[in-house]
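Take a look at this one; I'll ask things after.
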Amino acid sequence: MAGMHALANPARFQRFSARALPWSAGLTAILLLVGLYMAFFVAPPDYQQKETVRIMFVHVPAAWWSMAGYAFLAGLGAALLVWKHPLAALMARAAAPVGAAFAATCLITGSFWGRPMWGTWWVWDARLTSMLVLFFLFLGHIALSRAFDSPERGDKAAAILALVGVINLPIIKFSVDWWNTLHQPASVMKLGGTTIHSSILIPLLVMAVAFFMLFVTLVLMRTETEIGRRRLEMAALAAE
Amino acid sequence: MPALNAENLACRRGGRLVFTGLGFGLEQGEALLLTGRNGSGKSSLLRLLALMTPRLRGSLTWTGIEVAEQPEAWRLALAWLGHADAIKPDLTVRESLAGAQLLRKGRLDSLDHALGRFDLTAIADRPGRYLSAGQRRRAALARVMLSGAPIWLLDEPAAGLDEPSRGALHLTLREHMKSGGLAVISTHGDIHLPSARPIDLGEFAPSADALAEDWS
Amino acid sequence: MSGFFAMGGYAAYVWPAYAAALIALGGVTLMSLFARARVRRELRARGLDRRGAKS
Amino acid sequence: MTRFRHLVARDLLTAWRRPGDVLLVLAFFLLAASLFPLGVGPEPQILQRIGPGVLWVAALFAAMLSLDRLFAEDLVDGSLEHLVLAPLPLELAALAKCLAHWLTGGLPLTLMSPALGLLFGLDGSQIAVLAVSLLLGTPSLSLLGGLGAALTLGARRGGALMSLLVLPLAVPVLIFGVGAVEALAGGAGSSNALVLLAAFFLVALASTPWAIAAALRQAVE
């Protein structure tokens, strides 16, 4: 395996993740508890949106990390295709479903947030619509990586898709915003007024870090599982 | 340094190490006959030489230069015959062969000699879908002959050929060798060439621990 | 406490939203845990788990 | 350059000898578009309102239809190997295939769109802008579609998977395409939407061929 990166060797990665997982899981739990407490008891209700603004503390971090998650997928794709990084494929396989779950969370919480203001369950708001397309890109990545008999083939095909996807994501976002201005000039989910007051900003940041740690923890754990799966496949192949 | 030199080649396909430590040297006018059981990696080696299947390890040089460094020039020097004949059902034999010429050399030479050699003149204007398997294989061989490429990579060229066609194949191969051409041919014992050296891929099969170290 | 749960009358939106987040994120977490356990059990059964495999 | 022209000519010749394929795409476009009035009702003002959007979505699906044959046949009959081994860059060969796909798919759809515009009671200027937007948009669909076809080569359930991969990426084409026609109603003129369509095409032209080539190389591995 030419071009070995420190963590590239699967066994070395597993030793690292075995040590790191308890810490990141613990940190995630603490941050979530603190964040949720602040979200409900520290942050004041918004003068306009009243209590529904509390949905923001889950909706916004989910949006951030699903977009960052897709960029991460593209980075792993480049690592696999350009530097033949052996772990990138497994980490991408591990990360895609987590990204999709974050995007789904963002979509559902977003529709609940918009519900009181528009009386409809789904709002064709620019950000939600872009997130819906991103969700499809995640599904496409997951489906493509599992659509081949050989997992390596699926990993590489999904990596190419992720790279093209990440180039198109900003264009999709722009086109949806452009489309939104055509049909609904009034912009929708203002983040609780123009300047975000610190009493809202701090809980939001805590929740954001909590969600990030959740993403990291899940990816580390799932990558370990993918390594195990690949090892089982290798053993089965070698035994033939 | 032989014209075509391979050292310590290793190849992995479908997650399995197929062969390792494989080397050979071919001078102009020489042919390599790949033998070995099914799955021993004959096709994989041919595809590796054609830069289709990635090379896990090892070096491959043509006229002293590593082929991966100038893939375009290397591809120009190759004629390829895969399992499938690449004969389009909707194009006639003549159109397929002329197209292959254009794609390879960017110009058109006369097809008649090759058509005659493989007894295709009568069906030259018949669409590919009406050809039998043997006829399609002969058309694919005619394409190789027309390529004028110095190196021929042939995957079981004699498979499915009747006696006269096999004779035409051997004649074409001998001519190619005599004119200083090289060939790597995978075969099941149906190719008999004086200047050909057999190589059994079974000898380069990976040992048990070679497999294990891959995914320690 | 009941005032808290009323969420200023918006309970019907805030709590389902958080429930959805819990289901989606909790779901992927649980699935990951189950998958990890299943693969580990299989690796141990085949004597391939980290302690057993030659590293 | 002769190699590029040869590849395009070869596919056009094949399409010429199998007219059924092109007709199937056009028939699907007509069928998909005519279902909407049956579903929505024949009121002219509704049809005129949803016409551009319906025609664009129908064209999008019709363009997807003919994609599975783009590389799949070459893989099966072995000519994909020769394409990969051809002395011209694989990115150029991929472009040739996408161009041939557009000439036998996107272009006929564009030429047919005025007729369907009448079905929806669109007026002259709407039909004209619709045709121009399709002319500018369908090439991008052939590029993105070519990528979808190459990525799903050898995959199980290739067809449906290809649409799942391509359609999200084609959202901007759909939005700008329909937006161009609808901009007419607002009197703002459809030029900026058409410019955006052309810009998207340039981005697709720059970013897709390398991906198609990489996917094809994997398919012959």
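List of remarks:
Letters A, B, C and D mark the chains as written, and numbering starts fresh at 1 in each.
One rule holds for everything that comes next: a residue touches a chain if its C-beta (ideal position, glycine included) is under 8 Å from a C-beta of that chain, and two chains touch if they have at least 3 such contacts.
Just so you know, these numbers come straight off a predicted model, no measurement behind them.
Comparing the chain pairs B-D and A-B, the larger number of C-beta pairs in contact belongs to B-D. Using the mean of the Cα atoms as each chain's centre, the chain most removed from chain C is B. Rounded to a whole number, the gap between the C-alpha centres of chain B and chain D is 37 angstrom.
Here the CA centre of chain A is 47 Å from the CA centre of chain B.
In terms of their C-alpha centroids, the spacing between chain C and chain D amounts to 42 Å. Centres computed as Cα averages put chain B at a distance of 53 Å from chain C.
In chain A, the residues that touch at least two other chains are 11, 149, 231.
Each of residues 221 in chain D touches at least two other chains. Listed for chain C are residues 53, 55, each touching two or more other chains. Considering their complex, residues 2-3, 6-7, 10, 13-14, 17-18, 76-79, 81-89, 217, 220-221 of chain D touch chain B. On the side of chain A, the complex with chain D involves touching residues 81, 133, 136-137, 139-140, 143-144, 147-149, 153, 156-157, 160-161, 163-165, 167-168, 171-172, 174-176, 178-179, 182.
Within the complex, the chain B residues that touch chain A are 14-16, 208, 211-212, 214-216.
Residue ranges of chain A in contact with chain C, taken from their complex: 11, 14, 18, 40, 45, 50-52, 54-55, 58-59, 62, 97-98, 101-102, 104-105, 108-109, 112-113, 115-116, 214, 218, 221-222, 224-225, 228-229, 231-232, 235. By the touch criterion stated above, chain B contacts chain D in their complex at residues 13, 47, 50, 52-54, 72, 75-76, 78, 80, 82-91, 95, 99-100, 102-104, 106-107, 127.
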